[in-house]
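Sharing a structure here in C-alpha coordinates format.
Read from first to last, the chains carry the letters A, B, C and D; within each, the first residue is number 1.
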Amino acid sequence: MKKSQSSENFSNKIALNQGKRSFVEIEEIVRYSETDQMGVAHNKSYFEWFEIGRTEYCRQKNIPYKNIEAQGYYLVVVEAFCKYKKPLRYDEKFIIRVFLEKITPKKVIFAYELVNKEEKKLIASGYTIHIVTNSKAEVCTLPPDILDKIKE
Amino acid sequence: MKKSQSSENFSNKIALNQGKRSFVEIEEIVRYSETDQMGVAHNKSYFEWFEIGRTEYCRQKNIPYKNIEAQGYYLVVVEAFCKYKKPLRYDEKFIIRVFLEKITPKKVIFAYELVNKEEKKLIASGYTIHIVTNSKAEVCTLPPDILDKIKE
Amino acid sequence: MKKSQSSENFSNKIALNQGKRSFVEIEEIVRYSETDQMGVAHNKSYFEWFEIGRTEYCRQKNIPYKNIEAQGYYLVVVEAFCKYKKPLRYDEKFIIRVFLEKITPKKVIFAYELVNKEEKKLIASGYTIHIVTNSKAEVCTLPPDILDKIKE
Amino acid sequence: MKKSQSSENFSNKIALNQGKRSFVEIEEIVRYSETDQMGVAHNKSYFEWFEIGRTEYCRQKNIPYKNIEAQGYYLVVVEAFCKYKKPLRYDEKFIIRVFLEKITPKKVIFAYELVNKEEKKLIASGYTIHIVTNSKAEVCTLPPDILDKIKE
(Lines give C-alpha, C1' and ligand atoms only; values in the text may rest on other atoms or scores of the structure.)
Protein backbone atom coordinates (compact mmCIF):
# COMPACT_ATOMS: atom_id res chain seq x y z
CA MET A 1 0.00 0.00 0.00
CA LYS A 2 1.44 3.33 -1.07
CA LYS A 3 -0.17 5.39 1.59
CA SER A 4 2.60 4.56 3.99
CA GLN A 5 4.98 6.23 1.61
CA SER A 6 3.22 9.52 1.90
CA SER A 7 3.05 9.24 5.63
CA GLU A 8 6.76 8.66 5.63
CA ASN A 9 7.40 11.66 3.44
CA PHE A 10 5.17 13.69 5.63
CA SER A 11 6.97 12.52 8.75
CA ASN A 12 10.36 13.25 7.27
CA LYS A 13 9.30 16.75 6.50
CA ILE A 14 8.08 17.19 10.01
CA ALA A 15 11.39 15.96 11.33
CA LEU A 16 13.20 18.36 9.04
CA ASN A 17 11.04 21.19 10.22
CA GLN A 18 12.00 20.73 13.77
CA GLY A 19 15.59 21.30 12.91
CA LYS A 20 15.28 24.36 10.81
CA ARG A 21 11.90 25.98 10.79
CA SER A 22 10.10 28.17 13.32
CA PHE A 23 6.75 27.21 14.75
CA VAL A 24 4.07 28.72 16.90
CA GLU A 25 2.96 27.03 20.13
CA ILE A 26 -0.15 27.09 22.25
CA GLU A 27 -0.95 25.07 25.34
CA GLU A 28 -4.23 23.23 25.76
CA ILE A 29 -5.79 20.83 28.22
CA VAL A 30 -8.08 17.88 27.49
CA ARG A 31 -11.71 18.62 28.33
CA TYR A 32 -13.94 15.98 29.88
CA SER A 33 -16.30 16.38 26.93
CA GLU A 34 -13.43 15.52 24.59
CA THR A 35 -12.99 12.03 26.01
CA ASP A 36 -14.94 9.01 24.80
CA GLN A 37 -15.76 5.68 26.41
CA MET A 38 -12.26 4.39 25.67
CA GLY A 39 -11.19 6.87 28.35
CA VAL A 40 -9.05 8.96 26.01
CA ALA A 41 -9.52 12.01 23.80
CA HIS A 42 -11.64 11.21 20.76
CA ASN A 43 -9.95 11.25 17.34
CA LYS A 44 -12.07 14.18 16.10
CA SER A 45 -10.80 16.45 18.87
CA TYR A 46 -7.35 16.61 17.32
CA PHE A 47 -8.78 18.41 14.30
CA GLU A 48 -10.34 21.00 16.60
CA TRP A 49 -6.95 21.41 18.28
CA PHE A 50 -5.23 21.82 14.92
CA GLU A 51 -7.71 24.62 14.26
CA ILE A 52 -6.91 26.26 17.59
CA GLY A 53 -3.29 26.07 16.49
CA ARG A 54 -4.05 27.81 13.18
CA THR A 55 -5.93 30.55 14.99
CA GLU A 56 -2.95 31.08 17.27
CA TYR A 57 -0.51 30.96 14.35
CA CYS A 58 -2.34 33.76 12.55
CA ARG A 59 -2.67 35.78 15.75
CA GLN A 60 1.06 35.59 16.42
CA LYS A 61 1.72 36.69 12.83
CA ASN A 62 -0.45 39.76 13.50
CA ILE A 63 -3.15 38.71 11.09
CA PRO A 64 -5.89 37.18 13.28
CA TYR A 65 -7.91 34.71 11.26
CA LYS A 66 -11.12 36.59 12.08
CA ASN A 67 -9.63 39.61 10.33
CA ILE A 68 -8.88 37.47 7.27
CA GLU A 69 -12.55 36.44 7.16
CA ALA A 70 -13.63 40.03 7.85
CA GLN A 71 -11.75 40.99 4.68
CA GLY A 72 -13.72 38.36 2.78
CA TYR A 73 -11.16 35.55 2.54
CA TYR A 74 -11.71 32.04 3.84
CA LEU A 75 -9.10 29.31 4.32
CA VAL A 76 -11.26 26.31 3.51
CA VAL A 77 -9.97 22.91 4.60
CA VAL A 78 -9.69 20.57 1.61
CA GLU A 79 -7.56 17.89 3.23
CA ALA A 80 -6.93 16.91 6.84
CA PHE A 81 -4.67 14.22 8.25
CA CYS A 82 -3.71 13.10 11.72
CA LYS A 83 -1.38 10.38 12.98
CA TYR A 84 -2.06 9.39 16.58
CA LYS A 85 0.99 8.19 18.52
CA LYS A 86 -0.02 8.28 22.17
CA PRO A 87 -3.40 8.73 23.83
CA LEU A 88 -4.35 11.91 25.66
CA ARG A 89 -6.38 11.70 28.85
CA TYR A 90 -8.82 14.04 30.58
CA ASP A 91 -7.16 17.04 32.20
CA GLU A 92 -3.82 16.30 30.54
CA LYS A 93 -1.89 19.35 29.37
CA PHE A 94 -0.33 19.35 25.94
CA ILE A 95 1.20 21.71 23.46
CA ILE A 96 0.03 22.33 19.89
CA ARG A 97 2.87 23.29 17.55
CA VAL A 98 1.99 24.82 14.21
CA PHE A 99 4.30 24.99 11.21
CA LEU A 100 3.61 26.88 8.01
CA GLU A 101 4.36 24.10 5.56
CA LYS A 102 3.64 25.90 2.32
CA ILE A 103 1.90 29.05 1.19
CA THR A 104 0.94 30.34 -2.25
CA PRO A 105 -1.82 32.83 -3.09
CA LYS A 106 -4.14 29.87 -3.72
CA LYS A 107 -3.13 27.32 -1.15
CA VAL A 108 -1.90 27.13 2.43
CA ILE A 109 -0.59 24.03 4.19
CA PHE A 110 -0.19 23.90 7.94
CA ALA A 111 1.55 21.05 9.73
CA TYR A 112 1.00 20.27 13.40
CA GLU A 113 2.58 18.43 16.24
CA LEU A 114 1.02 17.73 19.60
CA VAL A 115 3.52 17.09 22.36
CA ASN A 116 2.89 16.50 26.02
CA LYS A 117 3.77 19.29 28.36
CA GLU A 118 6.33 17.57 30.53
CA GLU A 119 8.70 15.52 28.42
CA LYS A 120 7.71 17.02 25.06
CA LYS A 121 7.01 13.55 23.71
CA LEU A 122 5.17 13.39 20.41
CA ILE A 123 1.47 12.63 20.89
CA ALA A 124 0.21 13.24 17.38
CA SER A 125 1.15 14.94 14.14
CA GLY A 126 -0.83 15.99 11.13
CA TYR A 127 -1.53 18.58 8.49
CA THR A 128 -4.35 20.49 6.89
CA ILE A 129 -4.45 21.80 3.32
CA HIS A 130 -6.49 24.91 2.63
CA ILE A 131 -7.67 26.65 -0.48
CA VAL A 132 -8.70 30.29 -0.52
CA THR A 133 -12.29 31.32 -1.27
CA ASN A 134 -14.30 34.52 -1.08
CA SER A 135 -17.56 34.93 0.80
CA LYS A 136 -19.48 33.41 -2.13
CA ALA A 137 -17.37 30.24 -1.75
CA GLU A 138 -15.62 30.96 -5.07
CA VAL A 139 -11.96 30.04 -5.32
CA CYS A 140 -9.77 33.14 -5.24
CA THR A 141 -6.28 34.27 -4.23
CA LEU A 142 -5.00 35.74 -1.00
CA PRO A 143 -4.00 39.40 -1.34
CA PRO A 144 -0.24 40.00 -0.89
CA ASP A 145 -0.57 41.81 2.45
CA ILE A 146 -2.33 38.87 4.09
CA LEU A 147 -0.03 36.34 2.44
CA ASP A 148 3.08 38.22 3.54
CA LYS A 149 1.96 38.44 7.14
CA ILE A 150 1.15 34.75 7.32
CA LYS A 151 4.59 33.77 6.06
CA GLU A 152 6.53 36.33 8.07
CA MET B 1 5.76 17.80 -2.16
CA LYS B 2 5.35 14.05 -2.01
CA LYS B 3 2.15 14.02 -0.04
CA SER B 4 0.12 14.52 -3.19
CA GLN B 5 1.47 11.24 -4.45
CA SER B 6 -0.03 9.33 -1.61
CA SER B 7 -3.31 11.10 -2.00
CA GLU B 8 -3.31 10.04 -5.59
CA ASN B 9 -2.57 6.45 -4.70
CA PHE B 10 -5.28 6.54 -2.13
CA SER B 11 -7.76 8.02 -4.60
CA ASN B 12 -6.93 5.45 -7.22
CA LYS B 13 -7.58 2.71 -4.78
CA ILE B 14 -10.90 4.23 -3.91
CA ALA B 15 -11.78 4.41 -7.57
CA LEU B 16 -10.79 0.79 -7.99
CA ASN B 17 -12.91 -0.18 -5.05
CA GLN B 18 -16.00 1.19 -6.56
CA GLY B 19 -15.68 -1.13 -9.47
CA LYS B 20 -15.02 -4.34 -7.68
CA ARG B 21 -15.50 -4.27 -3.97
CA SER B 22 -18.61 -4.29 -1.80
CA PHE B 23 -19.37 -1.52 0.63
CA VAL B 24 -21.83 -0.76 3.39
CA GLU B 25 -23.98 2.37 3.27
CA ILE B 26 -25.78 4.47 5.82
CA GLU B 27 -27.70 7.69 5.31
CA GLU B 28 -27.13 10.74 7.49
CA ILE B 29 -28.28 14.34 7.60
CA VAL B 30 -26.26 17.41 8.60
CA ARG B 31 -27.16 18.67 12.07
CA TYR B 32 -27.35 22.38 12.81
CA SER B 33 -24.73 21.86 15.52
CA GLU B 34 -22.37 20.41 12.90
CA THR B 35 -22.22 23.64 10.90
CA ASP B 36 -19.77 26.44 11.61
CA GLN B 37 -19.79 30.13 10.80
CA MET B 38 -18.74 29.41 7.21
CA GLY B 39 -22.27 28.01 6.88
CA VAL B 40 -21.12 24.48 6.10
CA ALA B 41 -20.39 21.32 8.05
CA HIS B 42 -17.18 21.63 10.07
CA ASN B 43 -14.19 19.53 9.03
CA LYS B 44 -14.20 17.55 12.28
CA SER B 45 -17.73 16.26 11.67
CA TYR B 46 -16.56 14.06 8.82
CA PHE B 47 -14.51 11.99 11.26
CA GLU B 48 -17.60 11.47 13.39
CA TRP B 49 -19.46 10.36 10.25
CA PHE B 50 -16.67 7.96 9.32
CA GLU B 51 -17.13 6.46 12.77
CA ILE B 52 -20.89 6.13 12.26
CA GLY B 53 -19.99 4.33 9.05
CA ARG B 54 -17.68 1.91 10.88
CA THR B 55 -20.38 1.19 13.43
CA GLU B 56 -22.82 0.42 10.62
CA TYR B 57 -20.24 -1.68 8.78
CA CYS B 58 -19.70 -3.92 11.80
CA ARG B 59 -23.43 -4.14 12.48
CA GLN B 60 -24.14 -5.29 8.93
CA LYS B 61 -21.39 -7.90 9.27
CA ASN B 62 -23.18 -9.21 12.36
CA ILE B 63 -20.42 -8.20 14.72
CA PRO B 64 -21.64 -4.92 16.29
CA TYR B 65 -18.67 -2.86 17.42
CA LYS B 66 -20.05 -2.69 20.96
CA ASN B 67 -19.81 -6.48 21.07
CA ILE B 68 -16.17 -6.30 19.95
CA GLU B 69 -15.46 -3.95 22.88
CA ALA B 70 -17.54 -6.15 25.20
CA GLN B 71 -15.19 -9.00 24.33
CA GLY B 72 -12.24 -6.80 25.30
CA TYR B 73 -10.96 -5.67 21.90
CA TYR B 74 -10.63 -2.07 20.81
CA LEU B 75 -10.05 -0.76 17.30
CA VAL B 76 -7.95 2.26 18.16
CA VAL B 77 -7.56 4.95 15.48
CA VAL B 78 -3.88 5.53 14.69
CA GLU B 79 -4.32 7.46 11.46
CA ALA B 80 -7.21 9.44 10.00
CA PHE B 81 -7.47 11.25 6.70
CA CYS B 82 -10.19 13.16 4.89
CA LYS B 83 -10.28 14.88 1.52
CA TYR B 84 -13.10 17.41 1.24
CA LYS B 85 -14.49 17.88 -2.27
CA LYS B 86 -17.79 19.71 -1.83
CA PRO B 87 -19.32 21.41 1.19
CA LEU B 88 -22.27 19.96 3.06
CA ARG B 89 -24.98 22.26 4.40
CA TYR B 90 -27.41 22.09 7.31
CA ASP B 91 -30.21 19.59 6.78
CA GLU B 92 -28.57 18.11 3.69
CA LYS B 93 -28.88 14.36 3.32
CA PHE B 94 -25.85 12.33 2.36
CA ILE B 95 -24.67 8.76 2.28
CA ILE B 96 -21.65 7.32 4.07
CA ARG B 97 -20.07 4.41 2.22
CA VAL B 98 -17.64 2.20 4.08
CA PHE B 99 -15.11 -0.10 2.46
CA LEU B 100 -12.97 -2.63 4.28
CA GLU B 101 -9.63 -1.68 2.82
CA LYS B 102 -7.41 -4.14 4.65
CA ILE B 103 -7.63 -6.42 7.64
CA THR B 104 -5.02 -8.44 9.52
CA PRO B 105 -5.17 -9.65 13.12
CA LYS B 106 -3.23 -6.53 14.12
CA LYS B 107 -4.54 -3.85 11.82
CA VAL B 108 -7.76 -2.76 10.14
CA ILE B 109 -8.11 -0.09 7.47
CA PHE B 110 -11.48 1.35 6.54
CA ALA B 111 -11.97 3.67 3.57
CA TYR B 112 -14.95 6.00 3.26
CA GLU B 113 -16.82 7.98 0.69
CA LEU B 114 -19.49 10.55 1.38
CA VAL B 115 -21.84 11.11 -1.54
CA ASN B 116 -24.89 13.32 -1.70
CA LYS B 117 -28.23 11.62 -1.69
CA GLU B 118 -29.60 12.79 -4.99
CA GLU B 119 -26.91 12.64 -7.68
CA LYS B 120 -24.47 10.48 -5.72
CA LYS B 121 -21.75 13.06 -6.29
CA LEU B 122 -18.60 12.64 -4.23
CA ILE B 123 -18.54 15.02 -1.26
CA ALA B 124 -15.55 13.65 0.61
CA SER B 125 -13.38 10.57 0.89
CA GLY B 126 -11.00 9.33 3.51
CA TYR B 127 -9.67 6.48 5.55
CA THR B 128 -8.88 5.46 9.10
CA ILE B 129 -6.21 3.00 10.21
CA HIS B 130 -6.79 1.06 13.41
CA ILE B 131 -4.66 -1.12 15.59
CA VAL B 132 -6.08 -3.66 17.99
CA THR B 133 -5.67 -3.28 21.75
CA ASN B 134 -7.09 -4.97 24.82
CA SER B 135 -8.82 -3.19 27.68
CA LYS B 136 -5.44 -2.32 29.23
CA ALA B 137 -4.54 -0.47 26.00
CA GLU B 138 -1.92 -3.12 25.15
CA VAL B 139 -1.49 -4.01 21.50
CA CYS B 140 -2.97 -7.43 20.74
CA THR B 141 -4.53 -9.40 17.90
CA LEU B 142 -8.13 -9.85 16.88
CA PRO B 143 -9.41 -13.38 17.49
CA PRO B 144 -10.26 -15.26 14.26
CA ASP B 145 -14.03 -15.26 14.81
CA ILE B 146 -14.19 -11.46 15.00
CA LEU B 147 -11.74 -11.04 12.14
CA ASP B 148 -13.68 -13.43 9.93
CA LYS B 149 -16.96 -11.70 10.53
CA ILE B 150 -15.54 -8.28 9.76
CA LYS B 151 -14.17 -9.44 6.42
CA GLU B 152 -17.18 -11.53 5.42
CA MET C 1 -37.97 35.87 39.50
CA LYS C 2 -40.19 34.75 36.68
CA LYS C 3 -38.00 31.94 35.38
CA SER C 4 -39.05 29.66 38.19
CA GLN C 5 -42.60 30.25 37.20
CA SER C 6 -41.91 29.18 33.67
CA SER C 7 -40.18 26.04 34.90
CA GLU C 8 -43.25 25.22 36.89
CA ASN C 9 -45.57 25.92 34.00
CA PHE C 10 -43.31 23.87 31.83
CA SER C 11 -43.47 20.89 34.14
CA ASN C 12 -47.20 21.01 34.52
CA LYS C 13 -47.68 21.43 30.82
CA ILE C 14 -45.41 18.50 30.06
CA ALA C 15 -47.50 16.32 32.26
CA LEU C 16 -50.62 17.65 30.60
CA ASN C 17 -49.16 17.25 27.14
CA GLN C 18 -48.60 13.61 27.46
CA GLY C 19 -52.25 13.06 27.93
CA LYS C 20 -53.67 15.31 25.29
CA ARG C 21 -51.25 17.04 23.00
CA SER C 22 -49.64 15.90 19.79
CA PHE C 23 -45.92 15.61 19.37
CA VAL C 24 -43.43 14.88 16.66
CA GLU C 25 -40.99 11.97 16.96
CA ILE C 26 -37.65 11.11 15.46
CA GLU C 27 -35.41 8.15 16.19
CA GLU C 28 -31.72 8.54 16.91
CA ILE C 29 -28.84 6.34 17.98
CA VAL C 30 -25.95 7.22 20.30
CA ARG C 31 -22.71 7.85 18.40
CA TYR C 32 -19.38 6.68 19.78
CA SER C 33 -18.18 10.27 19.67
CA GLU C 34 -21.09 11.28 21.91
CA THR C 35 -19.91 9.14 24.82
CA ASP C 36 -17.43 10.31 27.43
CA GLN C 37 -15.11 8.46 29.79
CA MET C 38 -18.03 7.67 32.12
CA GLY C 39 -19.12 5.34 29.33
CA VAL C 40 -22.40 7.17 28.68
CA ALA C 41 -23.61 9.95 26.40
CA HIS C 42 -22.23 13.33 27.47
CA ASN C 43 -24.66 15.88 28.90
CA LYS C 44 -24.09 18.32 26.02
CA SER C 45 -25.29 15.79 23.43
CA TYR C 46 -28.87 16.07 24.66
CA PHE C 47 -28.98 19.68 23.51
CA GLU C 48 -27.87 18.62 20.05
CA TRP C 49 -30.61 15.98 20.07
CA PHE C 50 -33.21 18.56 21.14
CA GLU C 51 -32.12 20.58 18.09
CA ILE C 52 -32.50 17.56 15.82
CA GLY C 53 -35.99 17.28 17.28
CA ARG C 54 -36.79 20.93 16.46
CA THR C 55 -35.56 20.44 12.91
CA GLU C 56 -37.82 17.43 12.53
CA TYR C 57 -40.73 19.25 14.13
CA CYS C 58 -40.54 22.07 11.61
CA ARG C 59 -40.09 19.65 8.72
CA GLN C 60 -43.20 17.72 9.69
CA LYS C 61 -45.12 21.00 9.90
CA ASN C 62 -44.05 21.73 6.32
CA ILE C 63 -41.90 24.67 7.28
CA PRO C 64 -38.33 23.29 7.32
CA TYR C 65 -36.19 25.36 9.64
CA LYS C 66 -33.71 26.06 6.84
CA ASN C 67 -36.56 27.77 4.97
CA ILE C 68 -37.31 29.90 8.02
CA GLU C 69 -33.68 31.05 8.05
CA ALA C 70 -33.75 31.49 4.27
CA GLN C 71 -36.60 33.95 4.78
CA GLY C 72 -34.44 35.86 7.26
CA TYR C 73 -35.85 34.65 10.59
CA TYR C 74 -33.81 32.96 13.30
CA LEU C 75 -35.09 31.10 16.34
CA VAL C 76 -32.33 32.00 18.77
CA VAL C 77 -32.02 29.88 21.93
CA VAL C 78 -32.27 32.07 25.03
CA GLU C 79 -32.84 29.33 27.57
CA ALA C 80 -32.12 25.60 27.59
CA PHE C 81 -32.84 23.02 30.23
CA CYS C 82 -32.40 19.27 30.50
CA LYS C 83 -33.23 16.79 33.25
CA TYR C 84 -31.33 13.52 32.91
CA LYS C 85 -33.16 10.47 34.24
CA LYS C 86 -31.31 7.46 32.82
CA PRO C 87 -27.99 7.19 31.02
CA LEU C 88 -27.74 6.45 27.31
CA ARG C 89 -24.98 4.19 26.01
CA TYR C 90 -23.13 3.89 22.71
CA ASP C 91 -25.24 2.42 19.92
CA GLU C 92 -28.43 2.65 21.96
CA LYS C 93 -31.53 3.67 20.02
CA PHE C 94 -33.85 6.27 21.45
CA ILE C 95 -36.72 8.50 20.41
CA ILE C 96 -36.81 12.29 20.60
CA ARG C 97 -40.32 13.66 21.15
CA VAL C 98 -40.93 17.34 20.49
CA PHE C 99 -43.87 19.32 21.80
CA LEU C 100 -44.73 22.87 20.80
CA GLU C 101 -45.10 24.32 24.25
CA LYS C 102 -45.93 27.91 23.38
CA ILE C 103 -45.76 30.15 20.37
CA THR C 104 -46.24 33.89 19.95
CA PRO C 105 -44.83 36.09 17.17
CA LYS C 106 -41.90 36.90 19.48
CA LYS C 107 -41.25 33.68 21.34
CA VAL C 108 -41.34 29.93 20.79
CA ILE C 109 -40.98 27.27 23.46
CA PHE C 110 -40.31 23.66 22.58
CA ALA C 111 -40.42 20.85 25.14
CA TYR C 112 -38.69 17.53 24.65
CA GLU C 113 -38.73 14.01 25.93
CA LEU C 114 -36.19 11.33 25.17
CA VAL C 115 -37.50 7.79 25.61
CA ASN C 116 -35.75 4.54 24.90
CA LYS C 117 -36.89 2.63 21.86
CA GLU C 118 -38.02 -0.57 23.48
CA GLU C 119 -40.00 0.15 26.62
CA LYS C 120 -40.52 3.86 25.96
CA LYS C 121 -39.05 4.66 29.37
CA LEU C 122 -38.22 8.30 30.00
CA ILE C 123 -34.49 8.98 29.59
CA ALA C 124 -34.51 12.76 29.74
CA SER C 125 -36.79 15.75 29.38
CA GLY C 126 -36.18 19.41 28.78
CA TYR C 127 -37.11 22.57 26.98
CA THR C 128 -35.64 25.39 24.94
CA ILE C 129 -36.97 28.95 24.76
CA HIS C 130 -36.36 30.89 21.56
CA ILE C 131 -36.73 34.50 20.56
CA VAL C 132 -37.06 35.60 16.96
CA THR C 133 -34.39 37.71 15.30
CA ASN C 134 -33.62 38.87 11.77
CA SER C 135 -30.32 38.32 9.97
CA LYS C 136 -28.85 41.38 11.74
CA ALA C 137 -29.57 39.70 15.07
CA GLU C 138 -32.27 42.27 15.86
CA VAL C 139 -35.31 41.06 17.75
CA CYS C 140 -38.33 40.86 15.46
CA THR C 141 -41.60 38.95 15.03
CA LEU C 142 -42.41 35.83 13.06
CA PRO C 143 -44.65 36.51 10.05
CA PRO C 144 -48.14 34.93 10.35
CA ASP C 145 -47.57 32.31 7.64
CA ILE C 146 -44.54 30.83 9.40
CA LEU C 147 -46.20 31.07 12.80
CA ASP C 148 -49.34 29.36 11.56
CA LYS C 149 -47.45 26.49 10.01
CA ILE C 150 -45.41 25.88 13.15
CA LYS C 151 -48.51 25.66 15.30
CA GLU C 152 -50.61 23.63 12.87
CA MET D 1 -43.12 20.40 41.27
CA LYS D 2 -40.02 21.24 43.23
CA LYS D 3 -37.75 22.04 40.30
CA SER D 4 -39.30 25.45 39.91
CA GLN D 5 -38.47 26.11 43.49
CA SER D 6 -34.87 25.26 42.93
CA SER D 7 -34.74 27.55 39.91
CA GLU D 8 -36.02 30.34 42.07
CA ASN D 9 -33.59 29.60 44.86
CA PHE D 10 -30.87 29.35 42.31
CA SER D 11 -31.63 32.76 40.89
CA ASN D 12 -31.82 34.42 44.24
CA LYS D 13 -28.67 32.79 45.38
CA ILE D 14 -26.83 33.85 42.23
CA ALA D 15 -27.75 37.41 42.91
CA LEU D 16 -26.69 36.99 46.53
CA ASN D 17 -23.50 35.28 45.54
CA GLN D 18 -22.22 38.12 43.56
CA GLY D 19 -22.24 40.26 46.60
CA LYS D 20 -20.78 37.94 49.15
CA ARG D 21 -19.64 34.57 47.98
CA SER D 22 -16.35 33.49 46.51
CA PHE D 23 -16.08 31.98 43.08
CA VAL D 24 -13.45 30.42 40.89
CA GLU D 25 -12.64 31.88 37.49
CA ILE D 26 -11.09 30.57 34.32
CA GLU D 27 -10.62 32.32 31.00
CA GLU D 28 -11.61 30.73 27.71
CA ILE D 29 -11.79 31.74 24.08
CA VAL D 30 -14.40 30.74 21.50
CA ARG D 31 -13.10 28.10 19.08
CA TYR D 32 -14.03 28.20 15.40
CA SER D 33 -15.48 24.72 15.77
CA GLU D 34 -17.80 26.02 18.50
CA THR D 35 -19.59 28.44 16.17
CA ASP D 36 -22.57 27.50 14.03
CA GLN D 37 -24.03 28.97 10.87
CA MET D 38 -25.67 31.77 12.87
CA GLY D 39 -22.10 33.00 13.32
CA VAL D 40 -22.13 32.62 17.10
CA ALA D 41 -21.18 29.96 19.63
CA HIS D 42 -23.64 27.07 19.58
CA ASN D 43 -25.89 26.60 22.63
CA LYS D 44 -24.34 23.21 23.49
CA SER D 45 -20.88 24.74 23.91
CA TYR D 46 -21.92 26.53 27.09
CA PHE D 47 -22.41 23.18 28.80
CA GLU D 48 -18.87 22.19 27.85
CA TRP D 49 -17.66 25.48 29.27
CA PHE D 50 -19.58 24.91 32.50
CA GLU D 51 -17.73 21.59 32.74
CA ILE D 52 -14.38 23.29 32.21
CA GLY D 53 -15.39 25.57 35.05
CA ARG D 54 -16.17 22.62 37.35
CA THR D 55 -12.81 21.08 36.53
CA GLU D 56 -11.09 24.32 37.41
CA TYR D 57 -13.16 24.72 40.56
CA CYS D 58 -12.08 21.33 41.87
CA ARG D 59 -8.47 21.95 40.89
CA GLN D 60 -8.36 25.23 42.79
CA LYS D 61 -9.83 23.46 45.82
CA ASN D 62 -6.96 20.96 45.64
CA ILE D 63 -9.17 18.06 44.75
CA PRO D 64 -8.81 17.68 40.96
CA TYR D 65 -11.90 16.03 39.51
CA LYS D 66 -9.77 13.28 37.97
CA ASN D 67 -8.66 12.34 41.47
CA ILE D 68 -12.27 12.16 42.59
CA GLU D 69 -12.96 9.69 39.76
CA ALA D 70 -9.72 7.85 40.52
CA GLN D 71 -11.09 7.28 44.02
CA GLY D 72 -14.23 5.80 42.49
CA TYR D 73 -16.68 8.71 42.82
CA TYR D 74 -18.52 10.31 39.91
CA LEU D 75 -20.42 13.59 39.91
CA VAL D 76 -23.13 12.68 37.43
CA VAL D 77 -25.11 15.53 35.88
CA VAL D 78 -28.83 15.10 36.54
CA GLU D 79 -29.95 18.60 35.60
CA ALA D 80 -28.43 21.33 33.44
CA PHE D 81 -29.70 24.80 32.71
CA CYS D 82 -28.39 27.77 30.76
CA LYS D 83 -29.79 31.24 30.14
CA TYR D 84 -28.18 32.95 27.15
CA LYS D 85 -28.03 36.74 27.40
CA LYS D 86 -25.57 37.83 24.72
CA PRO D 87 -24.00 35.93 21.85
CA LEU D 88 -20.33 34.93 21.84
CA ARG D 89 -18.34 35.09 18.61
CA TYR D 90 -15.32 33.22 17.27
CA ASP D 91 -12.08 34.18 18.98
CA GLU D 92 -13.86 36.16 21.69
CA LYS D 93 -12.38 35.87 25.15
CA PHE D 94 -14.66 35.30 28.11
CA ILE D 95 -14.50 34.28 31.73
CA ILE D 96 -16.26 31.32 33.32
CA ARG D 97 -17.17 31.90 36.97
CA VAL D 98 -18.08 28.93 39.09
CA PHE D 99 -19.96 29.07 42.36
CA LEU D 100 -20.51 26.16 44.71
CA GLU D 101 -24.22 26.54 45.16
CA LYS D 102 -24.91 23.61 47.46
CA ILE D 103 -23.13 20.50 48.62
CA THR D 104 -24.32 17.50 50.61
CA PRO D 105 -22.80 14.00 50.61
CA LYS D 106 -25.39 13.02 47.96
CA LYS D 107 -25.73 16.12 45.82
CA VAL D 108 -23.64 18.97 44.47
CA ILE D 109 -24.97 22.07 42.72
CA PHE D 110 -22.67 24.36 40.79
CA ALA D 111 -23.81 27.71 39.41
CA TYR D 112 -22.03 29.49 36.56
CA GLU D 113 -21.72 32.88 35.01
CA LEU D 114 -20.03 33.68 31.75
CA VAL D 115 -18.87 37.28 31.45
CA ASN D 116 -16.94 38.91 28.65
CA LYS D 117 -13.35 39.70 29.33
CA GLU D 118 -13.38 43.45 28.86
CA GLU D 119 -16.44 44.96 30.51
CA LYS D 120 -17.38 41.87 32.55
CA LYS D 121 -20.88 41.98 31.08
CA LEU D 122 -23.03 38.93 31.69
CA ILE D 123 -23.12 36.65 28.64
CA ALA D 124 -24.85 33.63 30.17
CA SER D 125 -25.67 32.03 33.47
CA GLY D 126 -26.70 28.55 34.48
CA TYR D 127 -26.36 25.67 36.83
CA THR D 128 -25.78 21.93 36.94
CA ILE D 129 -27.05 19.52 39.57
CA HIS D 130 -25.00 16.40 40.26
CA ILE D 131 -25.61 13.23 42.18
CA VAL D 132 -22.80 11.02 43.41
CA THR D 133 -22.31 7.50 42.07
CA ASN D 134 -19.64 4.83 42.33
CA SER D 135 -17.94 3.16 39.38
CA LYS D 136 -20.88 0.77 39.02
CA ALA D 137 -23.16 3.77 38.53
CA GLU D 138 -24.84 3.13 41.89
CA VAL D 139 -25.90 6.15 43.91
CA CYS D 140 -23.59 6.67 46.88
CA THR D 141 -22.23 9.42 49.12
CA LEU D 142 -19.10 11.53 48.89
CA PRO D 143 -16.55 10.71 51.61
CA PRO D 144 -15.98 13.59 54.08
CA ASP D 145 -12.45 14.37 52.89
CA ILE D 146 -13.56 15.02 49.31
CA LEU D 147 -16.67 16.89 50.42
CA ASP D 148 -14.67 19.09 52.77
CA LYS D 149 -12.14 20.01 50.11
CA ILE D 150 -14.82 20.92 47.59
CA LYS D 151 -16.51 23.27 50.01
CA GLU D 152 -13.36 24.78 51.42
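Quick note on the criterion: a residue touches a chain if its C-beta (ideal position, glycine included) is under 8 Å from a C-beta of that chain, and two chains touch if they have at least 3 such contacts.
Only a predicted model underlies this, so the values are computations on that prediction, with no experimental measurement involved.
K.L.:
Compare the CA centroid of chain B with every other chain's and tell me the farthest one.
P.N.:
The most remote chain is D.
K.L.:
I want to confirm something about chain B and chain D. Since they are copies of the same sequence, is their interface symmetric in residue numbering (over half shared, so same) or not (under half, so different)?
P.N.:
Looking at both copies, the contact residues mostly coincide.
K.L.:
Taking each chain's centre as the mean position of its Cα atoms, how many Å separate chain A from chain D?
P.N.:
30
K.L.:
When the C-alpha atoms of chain B and chain D are each averaged to a single point, how far apart are the two points in Å?
P.N.:
The separation of the two C-alpha centroids amounts to 35 Å.
K.L.:
Approximately how many whole Å separate the CA-defined centres of chain A and chain B?
P.N.:
So the centre of chain A lies 22 Å away from the centre of chain B.
K.L.:
Report the inter-centroid distance (CA atoms only) between chain C and chain D in whole Å.
P.N.:
22
K.L.:
What are the residue numbers in chain C that touch two or more other chains?
P.N.:
Counting only residues that touch two or more other chains, chain C contributes 32-33, 37-38, 44, 47-48, 51, 90.
K.L.:
Under the touch definition given earlier, write down the residues of chain C that touch chain A in their complex.
P.N.:
Residues 32-33, 35-40, 42, 44, 90.
K.L.:
Chain B touches which residues of chain C in the complex?
P.N.:
Those in contact with chain B are residues 31-33, 47-48, 51-52, 55, 64-66, 89-91.
K.L.:
Which part of chain D faces chain C closely enough to touch in the complex?
P.N.:
1, 3-5, 7-8, 11-12, 37-38, 43-45, 47-48, 51, 69, 74, 76-85, 87, 128, 137
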